[in-house]
Every structure is written in structure tokens, then in C-alpha cells.
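There are two complexes below, and they share chain A, which is joined by chain B in the first and by chain C in the second.
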Partner chain A sequence: MAEKVSNQSLLTWFLQRFSGLFLAFFLFTHINVHHFLHSEGLISFADVNARLTGSFWWQLFYFLFVPFCVFHALNGIWAIIADYRPSKGFSIFTKAAFWIIAIILTAVGTFTLTNLF
Partner chain B sequence: MPTFKVFRYNPKTGDQAYFQTYQLPDVKGMTILEGLYYILENLDSTLAFRSSCRMGVCGSCAMHIGDKYRLACETQIADIGDTVTIRPLAHMKIIRDLVVDLTPFFAQYEAIKPYLIPVGEPPTREFKQSPAQRSKIDIYVDCILCAACYGSCPVVATDEKYLGPQALLKALRFVNDSRDGATNDRLSYLATDYGVFRCHTIFNCQQVCPKNLDPTGAIGKLKMKSLIAKFTGKLKKIG
Partner chain C sequence: MAFNNMFKNALDDTNRNKNVGTFAYLLHRITGIGLAIYLVMHTYVLSSAISGKETFNQRMGLVQNPLFAILEVGLVAGVFFHMLNGLRITICDFFGVTLSHKVFFWIEMVIFIIIMIIAIVLQWPKMQSGYYTGM
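Up next is the complex of A and B:
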């Protein structure tokens, strides 16, 4: 047991399940609100805009969705890569690339949401 | 008459691996292991395979029979069908035919420290354990180290440092043991990147275990114990 090894996979495993539960709740709510509970014809940009500007909780809901979705997707891909015991150099490169992708996607998502209000 | 298609490979000759076909007599109740011995004694004395007790205790004769890993001594030919395809355990180097090098399997077993580590000085007489305490390790002590679970695990296939289902099942046996005092040390090691959180809960190990020990369930329990230890600040840094 002398080799130095991290227990990062404990936290990533836990957060993958936590974000997965949130996303299941999010998708159920999102699909219901947009496709089943919307009674006045097809949903439009104005409807979405009205919902987001009219409620702090809806804003929070969608602002949380973006980082959770990005984390769940990229962490899932990393879990697949980690199964193949990548070299240290490849791990550092992949993690750096994933962080950059995560920041860009979260920024774009947040920017889009902000412009809806 | 049953037909055996047996995996043949001798790395010393450098020849390609192939399946050799043997015709066996139709004997009621004949096991796969008895069939292999029939081949060895009557048809082909060059066939290599492991066996010892012939009664499902030693775990030596685990191999891929038909559609999954089984003990050759506990499997009747009639239960598989007229044609029986036999391969060695996967993920380990083949020494010859159905004999594999089990060194990585036993290295992972050794890594989890499969012995009791008591708190402080051991008692002068025996450790006392109530029936309720003993029941927590009941099924896990029955593992016969056959490596069927190890051979069936796809995570082992891609990551040779992963501890594997057998070592993790045995680790729970010591974590659950009331006489053991190294629970947090054990969980700290099991929660590393080579441990329980590499398991994808594929259930292959549970499906093939000849003793029905449920390694997948044991790993699930270790995950929960590791998480609780982490969030209560009991996990230690390894190395």
C-alpha cells in the first residue's frame, strides 16, 4: 500500500450520481413544463422569456442546469478514459482540455440565459 | 456424443492459438472436468489445465465454459449441451492451453491485506465474537479464490491496477469483522483510484461467482462505507 494514489474518483463518482439525480429531476420538470403543462398552443420564445423573467426560482433552476449538465457530461467522458489507465501526460492534457471546454460551455450557457431576461 | 472445443495455445512454440475438437463418450452425470481428464488420459496427453479437489472447494478449475465462467468440476456436460466450448480465464497471461498466470490476481488479493489487524495488543486468549458479529462476515469467508469474477470483469480488462471484484469482496469481509481494527486504513486504500469507485456495477462478477457471493453488492457496500468515512473525515492519504 506504499504507492501514492489519489482518491479523486470517490468525489467524481459521488458528484456524477448527484448531478445525475439533479438532471433526472430537471429533465422531468423541463419536459413537463414545456410539452405537457403548456396548454396554449405551441410554446414560443415569449413564453420561455416570460417564465424566466417572472420567477427567481426558474432562473435558479436553469442557471444550475448548465453547470450540472456540463459537469455530468465531461466527468462521464473522463470516467471512460480513466478506465484505460491513461498516462500522466495524457491525463493532464485531457483534464486541462475538459476544464477549458467546461468554462466555455458554462459561459455560453449563462450568457444565453442572461440575454433571455 | 458430446463434443469439446478446447482452446489450445502454447506460447513457447509461437504458434497461433486455436480450438481443438474432441469427441467424448456419452456418460450420464459426467462433469466438464471429468471430460477434460478423459481427453488427457485417452485422447491427448498434451492438454494442460488446472484442477485439484474436484468438489468445488479449491477453485483451481475455473474456466470459461459455454457462455460464462464456471468451475469445471461443478458443471455437468449435459447442462451445457452437445457442443462445449472451453476457454481459459481472461485478462491474464496464458501459460499453456487452459492454464493462466494468476500472479496479478493474487497480487491484488495481497494488496488488501487479507488478514486481521487488531487494535493494540492482541488478546492473550481467543478473540470473542458474538453470533451477530460473525453473521456480518458469513458469506464473504466462503470465497474460494477461483478468479472467475476477476476473469469476467471488464474493468480488470482495461486497467491492470484495478483491485478487482475478488479482492474487494474479501476486503469487505475484513472491514465487517468486529475483530479487525484497521477499518479506516482499509477504506482509505479501497477508496483510491484503483479501488471500489472504478467498479461500473456491471454485475458480471455476481453472475459468474460459483458460490453466489455477490461481489457487486459487496463493492456497493464498500462504496457507501467509503463515502461515509470521507464525509466524516476518517479517510487517510495513501502514500
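Up next is the complex of A and C:
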């Protein structure tokens, strides 16, 4: 018999796809800029600073990139855990831990960005 | 607990269902967990910018050498496998072509191999230390 899927699971499933599509674009650009098109020399503070300073689009790009990455990573790991039908206590503990990790990672990432330009 | 024997179960599933779909499913999860761990390490390295320009350059210098250039090829492989496979799943689901998922898998593999060849060619000088010229 078909079980009814909870609205929350459906929403996170959809958001995983949605953030994934965004990340495909973000990550492709990010890797192109930092690896493929930057194949000579070291990446230094000056390089990153030069790209971000005064560029509204690069700043917007990276300020969106950070939370999208964090959401996609933690929601993805949560989806794997949920597949193994964890106990109620374990679910609550993991979700709480993931929220804390998500907030810390996003905060550190965003604060790092503000220090790069 | 449901996590008992999870690795054994994953292997049993693969043995019962030997097709590219199961292989892609397993690899998607493994690369996903790997990339999530990488995200934390990446944030740690870059967060040195909070302590200033010199700390950033110093810590970035630690991870920019031939050893890490080789490891980065693995990273790029993980990223592009996960990305292309994710796009394949999304296309199959949303455009109702799930039945052709194996065809899409081989298209994905062709694109993946092309990208990896380009990545290795571009990364090659860094693996020889030739292009790391100092700050």
C-alpha cells in the first residue's frame, strides 16, 4: 500500500533538486575560474580580492553559493540517513546537529567572504 | 537499529541488481558524502581570510603543491560525476524519460570522460610543480 509522503519530505526533495540545478551552474563556473582558467601560479589573496572587489555579480554569486552548498550537502546526508529509517530520538538529534552545523558553516563562510573584499 | 549492516546491505543490493543504475546510485552517495566533508575542509582553509591577508596566503600555500594538485583531480572527478549524475536523475524524473536512464548514463559517462581529460591536461603542469611559482 502506498504511504502518504509527508509535505516536508516532498519539499526537501524538491529543494534538493532545485539547489542541485543551481549548484551545477555555480560549481561549473567556480571550478572554471579557479582551476581550469587559473592553471598558472598560486591563487593568492590578491587574486580573489581583485575578482570580488567592486563586482556586484561576483559578490552576489558567492553569497548565494555558500548557503546553497551548505543546504545541499546537509540535506543530502539527511536524505541518506532517512533511508535507513532512524529512530525518533536519533532523527531529532541529527536534525538538531545538522541545523547547528548549517548555521555555523553558513556564518563562517559568509563572514569569510566579507573579509575577502 | 536500522544502520546495522548498512555497508553489507549496500553490497548485497549491488549484487542483486547488477546494472549501471545501482552503480550510479552508490557512487552518487559516496561522492556526495565526500563532497560534504570537502565543503567543511574548504571552509576551514578559506576562513583564514578572517585573520588577514598573510594568514590566508600562508594557509592557501599549504594546500597548493603537487600533492594537492593530484588530490584535486580526484575532487574534480567527484564533483563532475555528482553533477552530471544529478542532472541525469533530474532530467529523467522531470521529463518522464526514466525508462531510458541507462542511455542517459552512458551519455553522462562520455561527457564525464571528456571533462576529466580536459581537467587532467590543465592540471598536469601543477602536478609537476612547474607552475607553482610562489606568491
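Keep in mind that, in the parts below, the second predicted complex is superposed on the first by the 103 of 117 C-alpha atoms of A that agree within 3 Å, B and C clash if a C-alpha of one lies under 4 Å from a C-alpha of the other, contacts with A are read in each partner's own complex, and residues count from 1 in each chain.
Operating definition for what follows: a residue touches a chain if its C-beta (ideal position, glycine included) is under 8 Å from a C-beta of that chain, and two chains touch if they have at least 3 such contacts.
What you are looking at is a predicted structure, and each value in this text was computed from that prediction instead of being measured.
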Superposed model, chain A: greater residue contact from chain B or chain C: C
Chain B versus chain C as contact partner of A:C69, first or second or both or neither: second
Chain B versus chain C as contact partner of A:R85, first or second or both or neither: both
First, second, both or neither for A:L15, with chain B first and chain C second: neither
First, second, both or neither for A:G109, with chain B first and chain C second: second
Set of chain A residues, in rising order, touched by both chain B and chain C: 84-85
Residues of chain C that touch chain A when the two form their complex: 1-3, 6, 29, 32-33, 35-36, 39-40, 43, 46-47, 49-50, 53, 56-57, 60-61, 64, 72, 76, 79, 83, 86-87, 90, 93-94, 118-119, 122-123, 125-126, 131-135
Chain B-facing residues of chain A, complex: 1-14, 82-85
List of chain B residues in touch with chain A within their complex: 111, 113, 155, 158-161, 188-189, 191-195, 197-198, 200, 223, 226-227, 230, 235, 238-239
Residues of chain A touching chain C in the complex: 17, 20-21, 23-24, 27-28, 31, 35-36, 39-45, 69-70, 73-74, 76-77, 80, 84-87, 105, 108-109, 111-112, 115-116
